[in-house]
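Look for chain A in each of the two complexes below; its partner is chain B in the first and chain C in the second.
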Partner chain A sequence: MDYVVAILLPQLLHGLVFGAALGLLALGLTVIFGLLGVMNFAHGELYMLGAYAGIAVVGVTHSFWAALVVAPLAVGAIGAVTEVATLRPLYRREPLYGLILTFGLALVFREGVRQIWGGDMRRILPPFTGSTPLLGMTYPNYRLFLLVASSLLLLAIWLFFTKTRAGVLVRAAVQDAEMLDGLGVNVPRVFTLTFAGSAALAALAGLLLAPIFTVYPQMGVEMILLAFIVVILGGMGSMGGSVVAAVVIGLAQSLLTLWMNPQRVAIAIFAIMIVVLIVRPRGFFGREGVLE
Partner chain B sequence: MSRALSWRAVVVWVLLAALPVLPFMSKFYLLLAFDALLFGAIAMSLDLLIGYTGLVSFGHAAFFGLGAYASAVLLERGIVSLWACLLFAVLVVGLYALVVSYFSTTRRGIYFALLTLIFAEVVYTFFRYTQTFGGSDGIQGVPPPRLVGGFAIDTPMRNYYLVLVYLGLAYLACRVLVTSHFGKVLVAIRENEDRARFLGYNVQRYKMAVCMISALLTGLGGALYPGRSAFATPDLMLWTVSGEFIIMVMIGGLGTLAGPVVGGAFFVLLQEKVSSYVDWYFIVIGLVLIFIVLFMPKGLLGIRELLGGRRWRATA
Partner chain C sequence: MKRVTWGFTVLVAVAALVWISAPAVSQPKVVKIGDLGSKVGVFEGYGKYQTMGVQMAVEELNAKGGVLGHKIEIVSEDDETKPAPAVRKAEKLILQDDVKLLVGAVSSGATLAVMDVTKKHKTIHWNSVSCAEFMRTTKFHKYYFSNQPDSRMQANGLAKYIVDKMGKKVYIFYTDYAMGQSDGRQFKTALEKLGGEVVGVAGAPLDTKDFSPWFGAINQSNPDVLFVAFAGTDSLRLMTQLHSFGMTKKYKMAGIDCFLLQQDLPSIAEPMEGFVQLNHFSPYNPDPNMQAYNARFKKKFGTDANIAAGSYDAVLFWAAAVEKAKSFDPDKVSEAHEGMCVDNTHIGRQCIRKDDHQVVMDMHLYQVKGGKNLPIARIAGSDSIGEAMVGKDPVEGFTWEIKKK
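Let's turn to the complex of A and B:
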């Protein structure tokens, strides 16, 4: 019982917290894939930009909450400009070009941040400290906040996609962009706004996780691999699948850490991914035959 | 292949062979030329997959790095024969490539790219975090390999000629491959995989074969690397390195063989040139890549086409 309360339970919660934040990251990735057919290699850098934009805003206003509002908006704007300037001309071309383009974008963002802020590890202090007694243990308040905030965001996104006209338009564009265009909807604008939204979500994830992790220019490189794994596991283009897979990966990662060193955990997760890709490439909830 | 092309090719090869005797070629420039040709050759072998077969491998850094480690491990233990190093690299890379290509070629498109990426990441993680092969420091300070007897490949010039021979043989192999029936089938798979299958070709076997060839050529290139640098580190296998290989192919021009060689050399020289002036060269490289994707998707050799030159894409 001591083992459960002292070790297993906190680790389980850690996994859940991380999984929920990872879900925010993966959701944007999978929507963009469904919409543009592009695996966005720059998504990790948008995540990283979120954390650095947060550092900038906190530096000026000394308020984490202000950063939580401003940083995603700023990164969303960067995303919108990027989409219009670089991805829009590629709509009609093979997805391969989009993938390679986003790899170039990632290089530019990463190096740009290193030039502005330097390559050092940085931290953002959590807006509040302390911990709460919970189920016989004490758990840090910020992590609880992170779990609640991510869950509420995911819920809001779900409501957006199911209950609002804008959300339905995005889903329609994922299904059949040409038909939507024929119905008189400004599809390029839908693409751009969705890309901006996905960038803002990635930025939000980056900023929310920053007080737990460290902030450095390469932080997106490792996260993006994990996000790819989540997207595949959930089924490319399936939003619900991504969220489920994010929680599964978050839990798997934090639980496996109990028995293995972190490198073995990484390899174990890669192994899961390889098996899924070979046996069931459409993942948990992906549609059959899509790009298999 | 037309007479004009082969005449031009002779000039290029003679110039490359004469490069080290030019007066301004210092040791530094020779090593730079080594890198240019080495990565050119690797980009060319990747072009077999991307340009001809339509398979985007995001894991070529692992083949390169494994080749480098195979050779460094032998050199470190005092087995300094170049041939032993190459043979061992072929064995190690071949075994790994067999597994990767067997599983990866069952999938196409983005799934193929991700499978190769994840396999490579497993290898990277292994070498980076297990101390057997030096962990994050890798294997440092290995002696130069020997060609025969006591003839060590220990000067930049000897290294340069070694890599030139490697590039020449690799180019020959690739050229023969893509002009053969085998190469035609690869292009058919790229254009329409299902139709190639309906015609009775065992598509997966062809894909596996070209993966193996591409991986082995890349691994052989990797095996030459410790002779030049005296080290092998896990950073050689990071997935971003695989991305750089793809950039080289794109810069040069997909499906041209000669193009990626130019692209690889261009990439190495650009990085060197820009980084000697500013330390934000990755921004420049990223912008060059974006520019090429947007405005000249056929790469550097594609310019010739725009200018009305003949098509280089011999097999398309």
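Let's turn to the complex of A and C:
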């Protein structure tokens, strides 16, 4: 019983917290892939920009909550400009062009941040401290907030895609953009707004995780690999799949640490991905034709 | 016509030769030194300050005429905190830039790898930041010198304070590569020898993002003291996360000298309050030599100096050895280093021990109070350095096994 309360339960909770935040990051990535057919290599840098924009806003307003609103909006605007100025001219070309472009954008964003803020690690203080007694253990309040906030956001995004006209339009664009264009919808605008929304989501994840993981220019590079695994595991372009896969990866990473050297956990995560892809080549919820 | 053309060609060639050689005659001779350190990644703060230390020493030496009539030039390279790029850059510095001194690297893993390069190419190599124990024991070579207190020196100086003043039950949490493993081995051995009980050990990979998965095991072993051997951004994240779980208040905290730079402390003052470590420098130490050095450093760079100040001394030692040897020949310069003392280092007079080329450093135990590293006791260099053990494993027969009491 001691083992369950002292070790297993906290570990489960760590996994859930991380999985939910990872889900936010991966969701934007998978929507962009579904929509544009491009793996956005700069997605990790948008996550990083969110944290740095948060530092800038906190510096001026001294409010984490203001940063939580302003930073995603600012990064969303950067995303919109980036889409119109750089990605849009490449839509009719091979996906490889988009891949190379986003790879270049990632370098530009990362080095740009290094020029402005320098390479030193920075901290964003959580808006509240303290911990809560929970199931016989104490758990930091901010991590509990992160779990609740991420879960609510994921629920809101699901409602957006299923219950609103705008959400249905994005899903329709993911399914068949040409048909949607034929029906008189301004598809380029859908693309721009979706890209901006995905950037804002990444920024939100970056800012929410910043008080735990701290802020530095490389932070996006490290998260994006996990986000890619999540997207592949969930099924390329599948939103529900990404959320499920994010929680699976979060839990697997956390629980496996109990029984094996944490350095081998990274290898185990890849092993999980390989096994899933052998059994289900399109991931958990991947649909036909996305990769073919 | 042909004779005129030939004559003209010869004239142009001679004029060109005179023009090319003229500036070389009027300019002073130059000797290059290499500064190899992390410019990006988990240890980039240490790399940055290492470069500053080297710059300050070179500027002061050049103002006095350089070394052996040569103006000193620095070539800085980024080792990306990894052994493979460190080796590549070290070879570039030695073979392409022809540096006569290499200062670096920052990460112990990178420094250990670079030692093979400096040994192969017979280049004077100073380490001022890396603290794994193997450099002056199993990996030692005659061109290698160090003024960084390694794991053994730190364990010799700090373990007694932990057992006597902080608590007997200690949990050792370390960064799982050369540096952390070395610290873990030395501190576990030293603590057990002094009657302490190591109740648990765990290693987390370099650049871990979330340390919370290890916290359950630490809590379950219920230590008095949590000893942490991490550095750079890892330390900052670890302390933030330990604090959010209430563990910085629950346990007494101690750690290695390079755990965090003084510059990082104010932003993490609350979690670090009471943290104890052994160190050779703090800008808050009233020692007149440290204060004088810090004042010069602050005037030049606008910020306090920190433990990377060793890189300043490294250049001074090398320059003094070159002057003594009256040559840049690595064998002669290496011999000139042995037993040498320099008076104007960042902590005053220091000497190099002949047997393992380690600088005998007087250090202080420091405790963090209000974001400042304040001295609480002085440890003589002779008490912490330990015997020279070139070619031997200082903790032979070591095991990570926990001895149940």
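Throughout what follows, the second predicted complex is superposed on the first by the 285 of 292 C-alpha atoms of A that agree within 3 Å, B and C clash if a C-alpha of one lies under 4 Å from a C-alpha of the other, contacts with A are read in each partner's own complex, and residues count from 1 in each chain.
Operating definition for what follows: a contact is a pair of C-beta atoms (placed from the backbone, for glycine too) under 8 Å apart; a residue touches a chain by one contact, two chains touch by 3 or more.
Bear in mind the structure is a predicted one, so any value in this text is a computation, not a measurement.
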Original post:
Once chain A from each complex is brought into register, does chain C clash with chain B or fit beside it?
Top reply: clash
**OP:** In the overlay, answer first, second, both or neither for which of chain B and chain C A:F18 touches.
**Re:** second
Original post:
Of the partners chain B and chain C, which touch A:P95 in the superposed model: first, second, both, neither?
Top reply: first
**OP:** Name the contact category of A:I232: first (chain B only), second (chain C only), both, or neither.
**Re:** first
**OP:** Examine A:A246 and indicate which partner it touches, taking first as chain B and second as chain C; both and neither are also allowed.
**Re:** neither
Original post:
Can A:S131 be said to touch chain B (first), chain C (second), both, or neither?
Top reply: second
**OP:** Considering only touches as defined above, state whether A:L146 meets chain B (first), chain C (second), both or neither.
**Re:** neither
**OP:** Scan A:F270 for contacts with chain B and chain C and give back first, second, both or neither.
**Re:** first
Original post:
Regarding the shared-chain residue A:V108, is it in contact with chain B (first), chain C (second), both, or neither?
Top reply: first
Subject >> On chain A, positions contacted by chain B and by chain C >> reply: 261, 263
Original post:
For chain B, which residues are in contact with chain A within the complex?
Top reply: 56, 103, 106-111, 113-115, 117-119, 121-122, 125-126, 128-130, 239-240, 243, 246-247, 250, 280-283, 285-290, 293-294, 297
Subject >> Complex interface listing, chain A residues touching chain C >> reply: 2, 6-7, 10-11, 14, 18, 119-123, 126, 129, 131, 138-140, 142-143, 211-214, 216-218, 222, 254, 257-258, 261-263
Original post:
Any idea which chain C residues touch chain A in the complex?
Top reply: 39-41, 44-45, 48, 176, 203-205, 207-210, 212-217, 219-220, 232-233, 236-237, 240-241, 244-246, 264, 267-268
**OP:** Give every residue of chain A touching chain B within the complex, in rising order.
**Re:** 39, 41, 86, 89-90, 93, 95-97, 99-101, 103-108, 110-112, 114-115, 221, 225, 228-229, 232, 236, 261, 263, 266-267, 270-271, 273-274, 277-278, 281, 291-292
